[in-house]
Every structure is written in structure tokens, then in C-alpha cells.
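In the two complexes that follow, chain A is the common piece, with chain B as its partner first and chain C second.
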Partner chain A sequence: MDTIEYLTGQFHEFPQDSIDRGLDILRQDAFNAFNTMGIPGMKHEEWKYTRINKLFNTDYSLSADPADHSVSTSDLGPYRLPGNKDANELFFINGRFAFDLSVIQSAGLQVLPISTAYNGEHRDVIAENLSHSSRYLKDGINALNTAFLQHGVFIQVGRGLILEHPVYIYNITDARTANIFSQPRSLVNINEGAQVQMVETFITFGMNESFTNQVMEVVVQQDAVVEYYKIQNDASHTNQVSTTHFRQTAKSYVHTVTISLNGGIVRNNLNMVMDAEHCESHLYGLYFQQGKSHIDNHTIVDNAMPNCLSNEFYKGILDGNSSGVFNGKIFVQRDAQKTNAYQSNKNVLLSEEASVNTKPQLEIFADDVKCSHGCTVGRLDEEGLFYLRSRGISEKIARSLLLHGFVVDILDKIRLAVIRNYADQLISERLEFDIS
Partner chain B sequence: MLKIQNLQAGIEGRTILKGINLEIKAGEVHAIMGPNGSGKSTLASVIAGKTDYEVTEGRIEFMGKDLLDMLPEKRAGEGLFLGFQYPVEIPGLSTTNFIKTAVNELRKYRGEEPLDAVAFLRLMKEKMALMDIQQPLLSRSLNEGFSGGEKKRNEIFQMAMLQPKLAILDETDSGLDIDAIRIVANGVNKLRSKDNAVLLITHYQRLLDFIIPDFVHVLYNGRIVKSGTKELALELELKGYDFIKNDLNIAETV
Partner chain C sequence: MKPEIYQSPKNDMNDELSTIEKTVLSDYKYGFVTDIEADEAPPGLNEDIIRFISAKKNEPEWMLEWRLKAFRHWSRLAAEEPKWANIEYPPISYQDIIYYSAPKQKVKPNSLEEIDPELRRTFEKLGISLDEQKRLSGVAVDAVIDSVSIGTSFKEQLGEMGIIFCSMTDAIQEHPDLVRKYLSSVVPITDNYFAALNSAVFTDGSFCYIPKGVRCPMELSTYFRINAENTGQFERTLIIAEQGSYVSYLEGCTAPMRDEHQLHAAVVELIALDDAEIKYSTVQNWYPGDKQGKGGIYNFVTKRGICKGNNSKISWTQVETGSAITWKYPSVILKGDNSTGEFYSVAVTNNYQQADTGTKMQHLGKNTKSRIVSKGISAGFSNNSYRGLVHVAKNAVNARNYSQCDSLLLGDKCGAHTFPYIEVKNNTSVVEHEATTSKIGEDQIFYCNQRGIDSETAVALIINGFAREVMNQLPMEFAVEAQKLLAVSLEGSVG
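Now for the complex of A and B:
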């Protein structure tokens, strides 16, 4: 059966929320939008270089029953991130939040099904923020996730709480017996003065096809501090569109690092909506791809209000037949005077076949702003290589040292030491490089 | 130790070295002087194995082995060291890690066990004192943002750590203050022994007051046009290169 047809059938099968129509209307509108816009193809300006429509030729199943997943704690063992004993661990299995597997250690951290939260005390924040990302991502793939958001969860960190345990979020696809299309969905509310470190990763079990279409929306309230790290190192037969949408509703601080090391087609949408004065955000990224991997980092920084600072720095290494896309949009709206917005993207191509498309897009409607952007695409520094080799270091090790040196400043932006070291280890293993 | 015969090399069809002959024996210190653009750094780079340059004629023998066939890292393994005129900045690689890697790669080449952390640290401390180099500099990314003098001092520090048989120092004295020159000279003199040799490339007689060369050569337009003892350097200091050019003109007209 055609995947689109299948999804349509699934959409109509799921029960509607009987208590309140709010979420149903959102879903129905999103489904209509999906039907109108369809899966974005090459003609869609934001999807020119990343072709996901062909992925819909596969027969996928959507996981029907959240309690019915076949993943056990022991399956998870080898995939859990280092430092997990000290972490809150949240598991999504095939797009459904697994309450049974998840471990919450911090009293101030709460996870609720989205409809429970909406019909309970969180209605206002949900009504205001759920699907906020669709204002920025006008395509059928974002709408498709929203159409199924009844499986989503509401995550919140209580007012003034400084979480001493980081929050690890695992998006697991169990493709051991079937091709899986999964759509994890969450709305995270970081309350006033709260501080949290989040780490998100994607893991696929089994060799069947998997396509993850994930959306996480994060509301950052007054004086909150958020660190968010995304580690993508899934198998090369897996594909994903991963959307992380931050909205800073008052003076607050967001620091993100996106590390992308493997996967078939990986498309990241990282949005930073600075909806209040004196917000600060940092967006760092590192992609290191080989084989036929395709990595696309689309970022949007929307400076809507005055006196905000955003700083964006992505680096990439592309080897083999891999391809990369960096698209960095910065909006500085008319009222956003005294905005500081910086952006830079640097790439090293290691093979003739590897390629990258890098495109800064600045749309500035205010006049008293400081903005800068720059991008480079180059090869490994031959002078540096000769310098190291002239000291007796073999070409192979010299290359590794140079490449490791190229990425280490981004790794150092990960302030959670176990995760920083883990990412470093993954990269060093790829470089066959001894970090000791 | 090093024997260069009729070396001709160039780049993109342009000949830079036009037949160099030079022999350096163990225990000797040679100095090469010559005007800007005469080919001094090119000669040093070709000896060290930079592949940008095409060798069209001649041969180089080092410790009895044909050098031109060897990869740069192998040449270093055999005991060659080049102190760069323009040391390269390597972001994200600490000087300490770089030197440690180099020390152990050379040891591996010679079939020795890698130095453990303690032994490496001891060696570092000793050479740091010798070269008057402080730890903060070595913790920084290799040469990145180093001042001109710091870069040169770091080159000599590497030489001291790697203990080469033949050190070629390309204008290591340029940009150094007088105290630093003394320190660098001291480092070089410490390396001198009957088994080692040094090739200094310099524009200034000043360095040769501290490191007394056995031979001084003048490289001019891709050829060694004059060789002598340290007095030749003094003469050049007094008269400039014009007297060499005049000599050459006379020679050519005769």
C-alpha cells in the first residue's frame, strides 16, 4: 500500500479526544495542511538538496499501541549513553513515549501524555506553544507529525529548579520485524528560573527501513537556562527529520550543540525564536559524514525583540560520497534593535565525491544591529600536514590530528563532560586516533 | 652525513635550484646565507620532503640512504629536522600533544617503546628549562596566535625534544630578540656533538657569533656561488651581496 494512503487510514482510525476538541482541531488542521502540501520535494525551497519523498515509497507501519512495544530494558543496555546512572532517561519507542522504560530521578521533572496535560493544569502553555514550529516550517512533513500528536508528551521542569541530573531522551526505532515510520512528539516547558541539560539521541534496532519524523518544541521561560545536545550516530539505513524548536518567551539562555556522525538522510531543523528582550542563544554544530550519508542542518534564528544575542557556529567534515547542507536563516525583525547575530559555517571535504551546500540567509528589518556571517569550504591543510609529517608523524596520524583539531572547539562546547567525552570518543574512533 | 649532488628543483616549470652541491659531515655546522628569493627555503623544503617541488636532477644522500625516495616522516625518522622559517599554525592540537606524538612516532620508527607519561614529562621539563619555555605556551594550540619569537623558540624546543642527527634551521634567528637568540644558540650548541650536524640558514652574522660555523656558503640564484669559513659571513655583513654579484659578473665575462 502507498504510505500516504496508509497514513491517511491511520489518521482516521485514532480516537478523538472526547474531553476537549482543542487538540483534535489542531490535528485535523495539520492533517489538512499535510494533504495540501504533501511531502516536500525538490521544488520546495527548503528541501532542494534533501530528498525525502522517495523514502515514502517504502511500506511502513506506525506503532499502534504504546504499551505494545517489544523493547526490553536489556535491549537498551548497550545503547544507553554514558552517565545514564546519573540521568533522567526518557524513552520513545517507535514514536510513542514508553512510560514503563523511562526513569525519572529528578523530582522537578514531569512527563505527561499531551492530552492529560492539556485537559489538566497545562492548557494555557500548551495552547500557546504546541505547534508553534509550524509557523516557521511550512511543509507537509512538519504537519504530518502534528496530525498524529495525540501520542505526544508534555515534559516540564518546575519553576526555579536546577536539575542536577541531565535529561537523556532516546528516540528508539525498533525495526527488527518491520519497516517503521515513527513520529516522536513532545512539548517541553522549562519554567521560570529552571536550569536543565538535555541530551537527545536516535537509535534504531534491526535492519529494516526506519524513518523518524520527530518534533520537539521547547518553551524557555524567564531566566531559564537550557543546554541541549543532540547526538546523531544511527545506522546508515535509517533516515530522520528531526525538528527542535525553541521559543524563548522571556529573558533566558539557550545553548545547543548538534553532533551528527551517521545516518542515511538526516535533516535537522533547529529553530530559535527569541520572543523577548535580552535573550541569548548559542547554536553549535558538528557533522562528520562518510559513505553515502546526507546531513542537512537547517537553522532559523528569529530575533523578534530587541537586545538579543545569537551566535551560531557549525563545522563539517565530509568524506566518501557523503553530502551536506547548511542553511542558516537569521531574521532580525523591525523591532529587534540592538540585535547581535553571528553565524559561521566551515567545511572540510576529504574526497572528490563529497559535497556541501552552504547558504547563509540574513533578513534584517531593523537598522541598529550587528550581524555577521561567513562560510568556507576547503580541503585539509596541506601545509599543516607537511609540518606534522616533517616531525616524523605518519600521514595517517597527521590527518587525524588535523581533523580532530578542526572539530575540538565544537566538542568543547558540550558542557556535560561525559557527553563531551563520548562524542570525542566517537570521532576519535572514526579517526582511529588515540585521545589519551 | 648529508650529500647533495647537482640538485635541481623547481615548481610549475620554473627552476629554483639550479644545481646545488653540498656535503655536510657529522660534527659540522654549516651556514647558508643569500639574498631573498635565492632558494634557501626551497633547498630546506626539498631536503625535508615537501612534494610541492619537483626534483628534476641530482640526488640527496642522508646517512648513506637515498633521501629523495623517502616520505617526509621517514626522513624525520632517519634523524632529519627542519626548523621552519614560517611554522604552521595548527588549531585544536596542543603543542604538548603534538610533541608527544612526534617523540613516540620517532621512537616507533627506531623500534623503541613509547615514552610513558612520567618519562615524557621529565624530558619536557628538562628541555623547557633549557629553552626557557613556559607551560602555558605548550598547552595552547600549536603555533596558533604565537608571536613570531615564540614560534621560533618553539621550533628549537621541538628540535631539543626530538634530538635529530641533522637540524636544518631556516631563519630561526629572524624576529628573535637578543636574549632569545642567545637561548636558541645555546639550544643548538647543546645539540652539537661529533655525531650531529647543523645547517643554519640565516641573513645575519649575529647568530654566527653564538654558533660558530665551520663553513659558510652563499646561495645566489639557485646556486652555491661561494663557500668559505666564518670570515665570509663577516665580509658579507660588511659589503653586502654586491661583491658576490660583481665577482660573478667578472667570472661570467672572463
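Now for the complex of A and C:
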């Protein structure tokens, strides 16, 4: 594969850090791991249903210089999320953080290039947490991102800060002139007692091929409260592997909602490592795909310590030729007694060509736990349709009503009202359903 | 919670509890060895051994060719023993296993009376009646010891109805057309590593053919026994139910206690034609190894049935208490329209046992239904995994599946794992899966204690309740034995 040769060349071209070898060693190890493991194929248990090999047959270019992007503020205009005036906006263009475009309104929210942060005061937290996700994701894709992490950024929310303005993170791929392979990388440190709402989205400009391999690692310190929303509604010729890895280092609260509405091949890895007692986490997800989209949600919840609660609920609607994958893993480690871990996945298949593969998996090594998982696959309830139709509602509207009812309990988990309304609007438009 | 020292109650609560009481205190009771001379092949695996087995069995040429083909396929795979299951074991040395071992009998017995009395005693000790006079038991038995079948009871009576029930060896001799037609039609020789190995070296097993419209009047049963040392047991079972027929089939297994691991790699194939029903029940009680995890049987079994005809039904019920390692996925291919597949399982692991078991339901035909009920109980240092696949193909209109897998953990050093795969390619189908994992609630124990039931009995009672849904599927003859087994397997794990 030429792409791999190209990436190898790019890897060796980057100058090494002269001050400290720590990051270089991490990169080199990751690159070796990538060479050993390669691009995961269908024989890789975690990639059984999602084929990404063919994405590497395209000739991509990696963005050469972080400052050298041709995206202007006016290009961004129509793509910015609602409520942006009141938000901190962080832009990644082709995998590089764009300091010139980003707007930071909250004092205490800080973004630094990863090497600056590592060579400065944040060394310990970076050394401990950077690439923590590779312990859970044993595949070449995660290693490939780490091999290029010199472009990454360190995002920090100061101690005890309750951010008034949410943080919007845009992963922008500018594929107007070339096929782009981009690898955004960030490590987010939410300090003790901080509270933050994050919204992440993916946008591609232009009609060339794009492939985004993103990794975001979030460290959640004691008493921190994190809400994290991911909205995926990119064009259908774009592909992404998006990894979001949370590590709760002390008792804290994480609430995530992942909404996936469009894209070519979309793979989400959402990991929740509960590395301390009394952690609580909620993972909600909704995927509504049509056309030839392929959506794959892989989640790992690792209950490593006692007295934690995790709750996971994913819902999906698959229409057209789309295919969906849900793979939820719950680990309850030895000694993680008194864990409560729940998981549920519900799917509706709307068309004859749509398919779904779901695998709710439990691995439990402690006995004093309550764990459950469930999943269903079905179609729209005929009785519900009949009920509505017998009251003079057309079949089309009846279907829309039922589907809207199906998704609304996930949408309600989005606590940021502007984003909830935005997601609801996107779905309602697709359902041709008037929410008013 | 510390269990009270068990004291037998003055008045038995009821029969069920008293059987548990008796058996709770006993160890693996089938661990004896029968001292009988055996006719053995030298250890090792090569084409000569396969020719030797085939010649011993006086097999036709096509059978030998078939075996050799399987062996060559296995040789190609040899380096790639499957690693995906959630089990750990040191590499098996396939060259140290004896692939053929037959109890030496002077002449081939013509009737059951002529069977070596030592062998007969073995089976009597195991509670298996080979004696046709004991009509009360009402079960036709094919007894397989090490590599060969030593006798089949009720053969003649069944023959009158057109039912063929005999050893695989006899079937190859007497009904070659049927064997050739159906053998490896459900589990191809290239299916997997252990199926290929089995096809190459299988030495015996049971063959059963139920003709059109016949309802088999009694339970058919095979009893497998490993006796000789260093042997592997490789048996092959083939059951064919013709249109409109019904058969209920039971399988039981035991082995002596030995320090080395022994390999058991069986293949079972079921074929149900139009309107036919096959009910297959297993109580697997191979020697599980001692409390330190030493010894025990490696049980690597491929079981698969095909609902070939419309309106057919295949039902698997298994109680898995034995074996050091269980690797077993009784599956159903639902090819015929309106066909039904069922899987009921209780898997118990204690000490250092490992089980990776479950089922595959392949929905291909229209209006096919499947139901999976799996109960896993882990104790001690054991690991118990459910691994199941529900696949609904594109044309399987109105397919319906319900799966339930519950795990019960006794102790904090054991593990329970669930790996359900659900693949749906048809939008008119409905698939449901649910699973729970928990331990026995202290409130439940307290409730029993309050009523004068001590903790150990209470646990046995609760476990019996937990497994009841599956136990109810077992034929009467097996249900009692299975219940006892459950208690024995978990002995000492409570507290």
C-alpha cells in the first residue's frame, strides 16, 4: 500500500524533539507497533464488521505545515454549531490545531502544543496519561495516530473552574484540493472540581476523499464533572475513526452522548476507564444512518475499582443500504465489588437492505456486582402504526412520529439546550417531521 | 459469609433437598479405572495410524479416503490451533496421544450377554443398564468405551419399527449409503481444527436413523466412557430424522481420575427433514480435574444440527458440569421454512475449570424461530463464558429469536463472561437478547435461614431454582442425575 509508504516517509521526516526524548520514544514505539500490527482487517476481532483497509488504497496527503492552511473564518461560517457566540471554539484543520482560528472565552481554559506542555509544568499528567488508550485499543490505527502525536495539543481546564461557556471542538478536513488523511490528537486534563461541557463535531470541505483518524484522551480528576457530546453529520464521502478515551482518576462524573447521522465509514471508540472508587459514568448514543453509511460504535467500560456505576444506552435506526455495528464491552475487574454496570442497545431496521451487528459483551471477575445487558433488533411496531393510522394520520407521518419517539429519549440526554435542539432539528428534517 | 457446619436435618425437607444433601459431600464418583486389557494403537498421529484405524474397523475405501482428506486438511491447519476462545491451556502434544484403544474382547459379541463381564460391571457401576431384561429403565443405550462401542441395547425392538440405532462402525458396514450421504453434510471436515482432527481419527460413535413418520418409542442414549490412559476419545454421532419423525436422544459421559489431561474431540451431526423433531440432551460429566486444576478432560466438541426440512425442530439441552476445559457450541442451521431451534444450557465451573460454551443459530428460512436460554454458574477460580451467535440472513423473513443468558458468581475469584454476537440482515425479523450477572443475594439466603434452612442447603436450593428453566427441558431419566451433579460440582464453593 502506497499510503503506508508515504506515512512511513512522513514519520521519519519530522524533526525529533531536542530537549526531551520522552515523546519521541512514545512515537517511535507506536510506529513500531503500527508496523507490527498493521491496518486491522476482518480477522481482527474488534474490526470484524468494519473494513477500513480499502481506505488506505487512496493517495492522501498529510498537512505539511500547521500554519499553512487555507481555511478562513468566512469558510467556517455556515458550519459553526449553534450557540457558538457563547462558546469557546477550538478548530483542528487537517489534524493540526489552528491557534489563529480558535476562540477562547473562558479564563482557565488553556491550549498548548503537546511538546510545550510536556517540557513545561504538565509533564507528570502527560507522562501518565498520554497514549493511555493504547492499553485498550490494540490495533494499528490507534498506534498510527500516536506515531504522529507531535502535532497534538494539550487542553487544560483549571482547578475548580466551572466553565460558563461550553467548549466546541471542530475537526475540519479541508479536502478541496487533495485527498486528506488527518490525525487530530489531544489530551484534555479536567482538573479537580472543574466542570465542563464539550461538544465535538466533524466537518469536511470539498469533494475529495477524506479520512480522519482522531484520538482524544480525557483525564477526569477528582470531583470533576464532564459532559461530552459528539455530533457526526459529515458528508457521505468522508470517513472517520474517532477515539474518545476517558480516564477517571478519582471520584468524578462523566456524561457522554454520541449522535451519528451521516458519513461514509464512521467508527467510534468510546472508552471509559473508571480507575477510582465512586466514579459514575453515562454513555448514550444514537445512530440514524441511511444511504451506504456504515456506523460502528465500539465502547469499553472498564470498572477497575469498587463502588462504581456505569450506564450505557445506545439506540439505532438503519435505513437504505446502511449498516450498523454496536459492540459494548463491560469489564468488571477482580476486587471491583459493588459495581453496577448496565448496558442496552436497541435497533430498528427500516429497509430490506439495512443490517445490524450487535455484540453486547460482559467480562466479570467480581461476584458482588449487578450487571445486565440487553439488545433488541426489530422494525417499527405495527400496532403503533395501526393506532396512529386509525386516527387519520398518514402512514408517512405516523412513521415519523414513531421514529421521533424512538430517538427522543437519547436526545433528552443532551443537557446543552442549543445542541439538543440542533440535533433534534437535524433528525426531524430527515424524518420530515415538524417538531413544533 | 461463613457456612454453618452442615448438619443433616432430622426431617427431610423433601426428596430433592435430601439428594443434594447426600451428594454435596461426595467427590467425583466416576473416577475409577476398569482394569481390562486394551487393544491399542501406538501413540502418534500420521497417515499410517489412520490407515490402521480404518483397517481395524474394516472400513470401505471411500471412508479411508475421506479420513485421509480430513487428516491432510488438519495437517495444514496444525500450526493454527484456534486461539479465539476465552480459555487457556498448555499446547497439546498430538503425537503423544493414543488414537485407538479398544477393550480386548476375545470374540465380537453377538448379543449383550456375551459382553465381557468386567465391562458390564463398569457400566453397572455407572448406573447404565446394558441388560435388556431391565426393561424398566426404558432407555436404549449404546455404550462407548474409549474408542469403540461395546454394545447397543434394544436394537431388535427398535429394528422392528425401522429405526436404526447402532454404533458408527456397524453403520458404516451395514448402511454405507446413509452414512455416505449424511456424514459431514452438517459439519464439513474442513469446518474447524477439532472437527478435522475428529474426522481423521474418529473411532466410533452412535448412528441413528428414524424412518418417515415414526415416533421413536423410547429415549435413545449413548454413554461415553474414557478408560485407558493417554488415550483421546474421538467419537462421531450422526442422527437422521426423516420426514415427520421424532426422536429424543441422551448423551452421558464420564472418565477416570487421572493427573494428565485427556483430549476428547467429538463431532455430532443432526439432520431433521420436513416436520421432524430431534431433541438432544447431554449431561457432560467428564473428570474435571482435582481442586488444584490438575488433570481433567479437554472437551473440544463440535455439535451442529440442520433443520433441513420445513417445520422441523431441533432442540439442544446440555448440563455441563465436568471437563477441565469445555469448548462447545451446539448449533442449529434453520434452513427449512418455519423451522425452530432451541438451546438450553446450564454450565457449571468450579475450582480451575474453564468453559467457553454457547450456541449458533443461523436463520436462513422464512418464519424461523430460535430460543436460547443459557445459565452459567462459576465458582472457585473458574472462568465461565457464554459465546453465542444469532445470525439472520437476508432472506430469513419474519425470523424471531429470544436469547437469555444469566450468570451466577459464587466467590470473588471466578469470572463470568458473555460474548453474544447478533447479526441481522433482515428488517422483518425480531431479535432480543438479555443477560444478567449477579451473585446470590444475602436477602435470599437470609430468607432461607429464617426458615431453618442452613446456608449451604439454601444455596443449593437457589441454584436449583436458577437452573430450573433448563432442567425442565431434560427428560425425566436425566433430570434427577443432573440435579445431583449440579450440587456435587459446586460442593465446597459456597461461603
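By definition in this document, the second predicted complex is superposed on the first by the 435 of 436 C-alpha atoms of A that agree within 3 Å, B and C clash if a C-alpha of one lies under 4 Å from a C-alpha of the other, contacts with A are read in each partner's own complex, and residues count from 1 in each chain.
Note that in this section a residue touches a chain if its C-beta (ideal position, glycine included) is under 8 Å from a C-beta of that chain, and two chains touch if they have at least 3 such contacts.
Just so we're clear, the structure is a prediction, and the values are computed from it rather than from any experiment.
Novice: I want to verify the contact counts: of chain B and chain C, which reaches more residues of chain A?
Specialist: More residues of chain A are touched by C.
Novice: For A:F386, is the partner it touches chain B (first), chain C (second), both, or none of the two (neither)?
Specialist: After superposition on chain A, A:F386 lies in contact with chain B alone.
Novice: Does chain B (first) or chain C (second) touch A:M37, or do both, or does neither?
Specialist: The answer is neither, since A:M37 touches no partner chain.
Novice: Between chain B and chain C, whom does A:V369 touch in the aligned arrangement: first, second, both, or neither?
Specialist: Only chain C is touched by A:V369; chain B is not.
Novice: Once chain A of both complexes is superposed, is A:E352 in touch with chain B (first), chain C (second), both, or neither?
Specialist: A:E352 contacts chain C only, not chain B.
Novice: Considering only the touch criterion stated at the top, classify A:I4 as touching first (chain B), second (chain C), both, or neither.
Specialist: neither
Novice: If we overlay the two complexes on their shared chain A, which of chain B and chain C does A:S394 touch? Say first, second, both or neither.
Specialist: After superposing on A, A:S394 lies in contact with chain B but is clear of chain C.
Novice: Contacts for A:V407 in the overlay, against chain B (first) and chain C (second): which applies, first, second, both or neither?
Specialist: The first partner, chain B, only.
Novice: Go through chain A and flag every residue that touches chain B in one model and chain C in the other.
Specialist: Common to the two interfaces on chain A: nothing.
Novice: For the complex, give me every residue of chain A touching chain C.
Specialist: Interface residues on chain A, with respect to chain C: 45, 334-335, 337, 347, 349-352, 354-379.
Novice: Could you list, by residue number, the parts of chain B that touch chain A in their complex?
Specialist: 48-51, 71-73, 75-77, 81-82, 84, 87-93, 97-98, 101-102, 105-106, 109, 141, 158, 162
Novice: Along chain C, where are the residues that touch chain A in the complex?
Specialist: So the residues of chain C in touch with chain A come to 84, 392, 394, 407, 409-439.
Novice: Which of the residues in chain A come into contact with chain B in the complex?
Specialist: It comes out as residues 381, 383-384, 386-395, 397-398, 401-402, 404-409.
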